[in-house]
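Some structures to go through are shown next.
Below, chain A partners chain B and then partners chain C, in two separate complexes.
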Partner chain A sequence: MALSNKRLSIIKVVFSLSFFAFLLAVYFFASGQPVVSAPVLGALDYPATHGVNRRLAVWMAAQMHLWFAAFVLAVPILVLILEFIGVIKKDKRYDRVACEFLRVSITAFSLTAITGALLLLSLIVFYPQLMKYLASIFGPTALFYALFFLFESATLYAYYYGWGRMSEGSLKWVHLLIGLGLNTAGTGLMFVANAWVTFMMTPAGVDVSGVFNGNLWEAVNNHLWSPMNLHRFIANIAYGGSIVGAYAAYRYLSAANEKERAHYDWMGYTSSLIAIGALLPLPFAGYWLTAEIYSYSQQMGITLMGGVFAWLFIVQAVLIGALFLAANYYLWCGFGRGSYGERYLGYVKYIAFVIAICFLVWFTPHTLILTPTEARALGGQYHPYLGPLGLMPAKNTAVNIMLLFTFLSFLLYRRSHRTPTVAWAAYGKAAQAGLFTAAVINITFLGVYYGYFTNTLYKVASSVPQVATTLFVIVACLVIEAFMLRGAERTEFRWGRMPGRSQYALLLIAVSFTWLMGLMGFVRSAIRQHWHVYGVMRDASAEAFTPSIAYAAKVVSIGTIIFMSIIVFIFWLSSAGREASDE
Partner chain B sequence: MNNFLKVAAFSLAVIGLYTFYSVWVIPPINPEAPPKEAVVEEPATVDELVELGESVYNGKGACSLCHTAAAGRAPLLERAAVIAGQRIKEPGYKGNATHAEGYLYESLVNPSAYVVPGFGASGSADKVSPMLDVRGSSIGLNETEIRAIIAYLQSISGVEVTIAPAPTEETKAKE
Partner chain C sequence: MKTVLAFIISIAGFGALFFIIDVILLNAQGLSFIFRG
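For the complex of A and B:
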């Protein structure tokens, strides 16, 4: 086993160095290119592919790379946070679970590099003119990318292999610093890659005739760069948490004894908490991203939200509804870990009811697909009463209330093994109830006002005050809760006392996240329509058409199955490695 | 192994459900094929110019995406050519147009020269238009298409169409 581990390490290093060399080659290739105007392409500018669907090949390579990259960028963030908490709390459990998280992801790093190289290669082979144009603008960033990659690889191996040696005293802080360096490099890598991708959507520094006459920073800092950086950063954390949660769920179901079950229950809870915690601000980052799309081009925004992709957001609503229901279900099952949990079970049906109503609002389409007879009977394509539920203010209202009630489930879960004993506990609970009620009223009022009484241009304006309300209530309730539970009476709380079915909620979250990422990645790319670089460089290949949602769904499903199979293999490798080291 | 099979079956079932919903439950909508880059021939008559303007307005120009009552994102243009003549005389107008036709042209190629109150980009206090120069970006109209749109707007506003087809070699020779 030791030999095979060594061989595996050599393979990883070879792959990593090859990728690094590849990036350097791109840099040197690009650095010699003068800045050019976007070429007008014809069918002959695309090499023959001999039966290979070039777009499908690039799509699959990009999607695999994105899933792996999201996972390997997120896990070190979780690991660093857990390690830091462990140091502060002087609790070795956090340290152990952090190390296990990292072990799970270590093989995925190599696969990220491999899929990245595959993506780059397929782009250069299938879309040489596009790559030449992008490289002429972004060439110098390839050097940054390569350096970040090298630094990330070095810090990763130092962080992982130094875990045991740097576990005590001041060396532990050095270890934490290495972890910080690893995360900085990983995030930097993502930011560089995002610059290329977002430039293709919202090119900056390009004049009206398509000539790039801006500087590199202008191209990097285009309309979508910052919102995309934020959105991906948060989404990656949520995604990484969900995948580790699925790993813990599987290990929980396969646990041989109580101790192991308790460990994986705690691991599943911690990672799902991180996933759900990151999920809460994600819609807000999404609003910013969408607002910037509209700000850059109303046409692109309408294509996204009101055109052929409008129904994609109904599919998205189904997935996010499933995510929220699964997250809440997991929390409700967690009531059983504490002795006081039963007293809150009565509230579950009301929370479930509110979440279901919110889900239905989110699920309501704006434009109905009707026959001419149906449209005449209805008086148009919009339902007279339910039509406004298809608009953003209604969706914003639904998602904010859904977030608040998910947070309520979390508060009740925390009380399942604690009873506040401070003298002002009744007032504290009343203040929390008051805050919740006021928030729901305010969010609903804003939704109704902007949904029914303003013109289209200002309907999206409801999102900021609604988000502010939700965040304020969550923070305020957490502060009250923290003070109220000081010196609280604690009862027996046992990890591992979860029904097996609760673990399927964690699996559902991981699978749904993966599928959702694929779907949203598709729509982000598809709103460029028949453009390589929106409005600047037209796609003249045979595959320039915009795929339907059904087509995309099939591609995403196949990709998800392939990715999840590889992830299962990685989990198996990790377990095998652990068993070998235990022996 | 038993657990592995259960977990795999569950995951596949979830993926299958999402696929089923996306493929068979939601309405099948096939996006339009990419527009062909046809070479626009200079119209020979005013009617042809107006006809071209209408097709660009509803097609390549994507004007009707925003300038409709249903969308509500931009001012309605049914009387644009009439309003244009009044607007250039308003004290708040700071653009360079001196006549209605010039105002319409300016609105297409430099939309921020004058922003109709209530329709500015978010946070710009109606100083910046959310509309882009129609000659660039994904719209990419040429001069003939821009003139055709102005002719179409004049036509639907009920005013005289002042845009004439560009003289061809044949008409030049006759003159």
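For the complex of A and C:
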């Protein structure tokens, strides 16, 4: 009975994915006729909406589709990594958790396809001219999109359904290979869709009036395509990890016995580790993306970082700061899992202090919203002492130091169940401390000197060596740690001993990620301002104005609540399915 | 005492290494492989 239900649900998923792909391919091929130039639109080129806010409808559909798509693209990556680790370590726990991760994501696959179809339909209905123009350039890419979709559906079926049958010997490697195929198709899909989105921001292969030169690769490989691919790929892993972490927290809090609690504690730790691990290099991909925006159009870059949208970066700072505090708090609670954890508890207050200071610097705004009386009292628009902290160099410095100290929490956590016994352990620890100190000095020097005492070119460029320093510390410390902990005294982690409140930190991380993606996704899209395709095809609809930040925040927040409610429903479905199959 | 010495030497050694990385990455040519502009 359980098998037929499983088969039925996967058939539904395959059907809905294929339906969406078919719909998209048919539309793109049918409308992919050559267009001489980008149409100059008037208000009458947009069909009547009968009271429906066209922008809001497309916004909501796109946002929901992106959240689900990020989730279903990321989870198979996590699953493949965990399955592979399980094979290498010969540890069945990884395999069990990987399979459970995949089951959680299965329902989300259908919802991804449904929201994708909704997005496509709303775009065709509300913005037909734009879709016609995009299809005239990107028509052939729809073939790749459809093929990737069909391949993804087929491999998903084989990967999920064949888990039990291909669990041993050489068949396990075949199973891993199918998983690799699933991920390749999923990533390929995202790359194709990214080409359409980034073309709208930084069009290439067309002249100023939008006449396409026929070189499709040029249009695909526009300024933002590669950085967007990288940024979304890494961010999706972080996001998938956070959502699965929330699932583990949900199951931990409702666990019926110690064994179940230990299982979900381990699952929560593993997924949050992947989420935070992917979050660490994300700023680097973000810098690259932003640098390419500036490189394409300084005006667009200034709209992004220096105009009204700058306030959303303050909101971003608050959310990411909260996310880092939650991640650190979870790690500190985790000290209790190890036998030696208590000896590191004394360091927590210092790490918390540094992270809190960095957090405060990060969300210090540059321009303040002041009444004339307040401005007079302040002596100008900027605060005399705190004003410099509102600039990017201060924030870059704070972010990198925050990343370093989060990594320090992780290092201490790893030591909470191990004591190094090699003769040079004291020197190894001294070298690690020296590495951290040198890195903090270097990051601060780069931020202060190049940020405030040299020209603007270096102000932006100095963020690259800052991130390089942080990444170097992480890699070098882990190498030293690996050698130092050879033959270390170790005790087993006592899984399932985490306080209940630590699990709320995992839930907070998932909500913060979702909210962040929505808010920053709005900024990325909104910097096109009144253009469908930036500088080429003008938006003449009644909704072509930039909404206020308060309005955008409300839309994204409502979207977050709807999405998280659906996710909780999926968690419940997944738990119910598991209980039914256990019985 | 030796541990303190190791700590100081590490700061100096890694500090020098970071300085070299900074110089390479802050050089416009060094950055050109990342940024198009």
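Note that in this section the second predicted complex is superposed on the first by the 538 of 583 C-alpha atoms of A that agree within 3 Å, B and C clash if a C-alpha of one lies under 4 Å from a C-alpha of the other, contacts with A are read in each partner's own complex, and residues count from 1 in each chain.
Keep in mind that, in the parts below, a residue touches a chain if its C-beta (ideal position, glycine included) is under 8 Å from a C-beta of that chain, and two chains touch if they have at least 3 such contacts.
Owing to the predicted nature of the structure, the values given are computational and were not obtained by experimental measurement.
When both complexes are overlaid on chain A, the residue A:W311 reaches chain B alone and has no touch with chain C. In the superposition on chain A, A:F472 makes contact with chain C only, not with chain B. Once chain A of one complex is fitted onto chain A of the other, the partner contacts of A:L73 are absent, as it touches neither chain B nor chain C. In the superposed pair of complexes, A:Y250 makes contact with chain B only, with no contact to chain C.
Contact comparison for chain A: of chain B and chain C, B touches the greater number of residues.
Once the two complexes are overlaid on the shared chain, A:F545 sits against chain B while remaining clear of chain C. Of the two partner chains, chain B is the only one touched by A:Y534; chain C is not. Look at A:Y294: by the touch rule set out above, it reaches both chain B and chain C.
On chain A, the patch touched by chain B and the patch touched by chain C overlap at residues 291, 294-295, 457, 461.
Those residues of chain C lying in contact with chain A across their complex are 2-4, 6-15, 18-19, 21-22, 25-26, 28, 31, 34-37.
The touching residues of chain A, counted against chain B in their complex, run 207-210, 249-250, 253-254, 291, 294-295, 297-300, 302, 306, 308, 311, 314-315, 318-319, 369, 455-457, 461, 504, 507-508, 511-512, 515, 519, 529-531, 534-536, 538-539, 544-550, 552-554, 557, 560-561, 564, 568.
Contact residues on chain B toward chain A in their complex (touch as defined above): 3-4, 6-8, 10-12, 14-16, 18-19, 21-23, 26-35, 37, 62, 65-66, 71-74, 118-119, 121-122, 130-133, 135-140.
The touching residues of chain A, when paired with chain C in their complex, are 223, 288, 291-292, 294-296, 426-427, 429-431, 433-435, 437-439, 441-442, 446, 450, 457-458, 461-462, 464-465, 468-469, 472.
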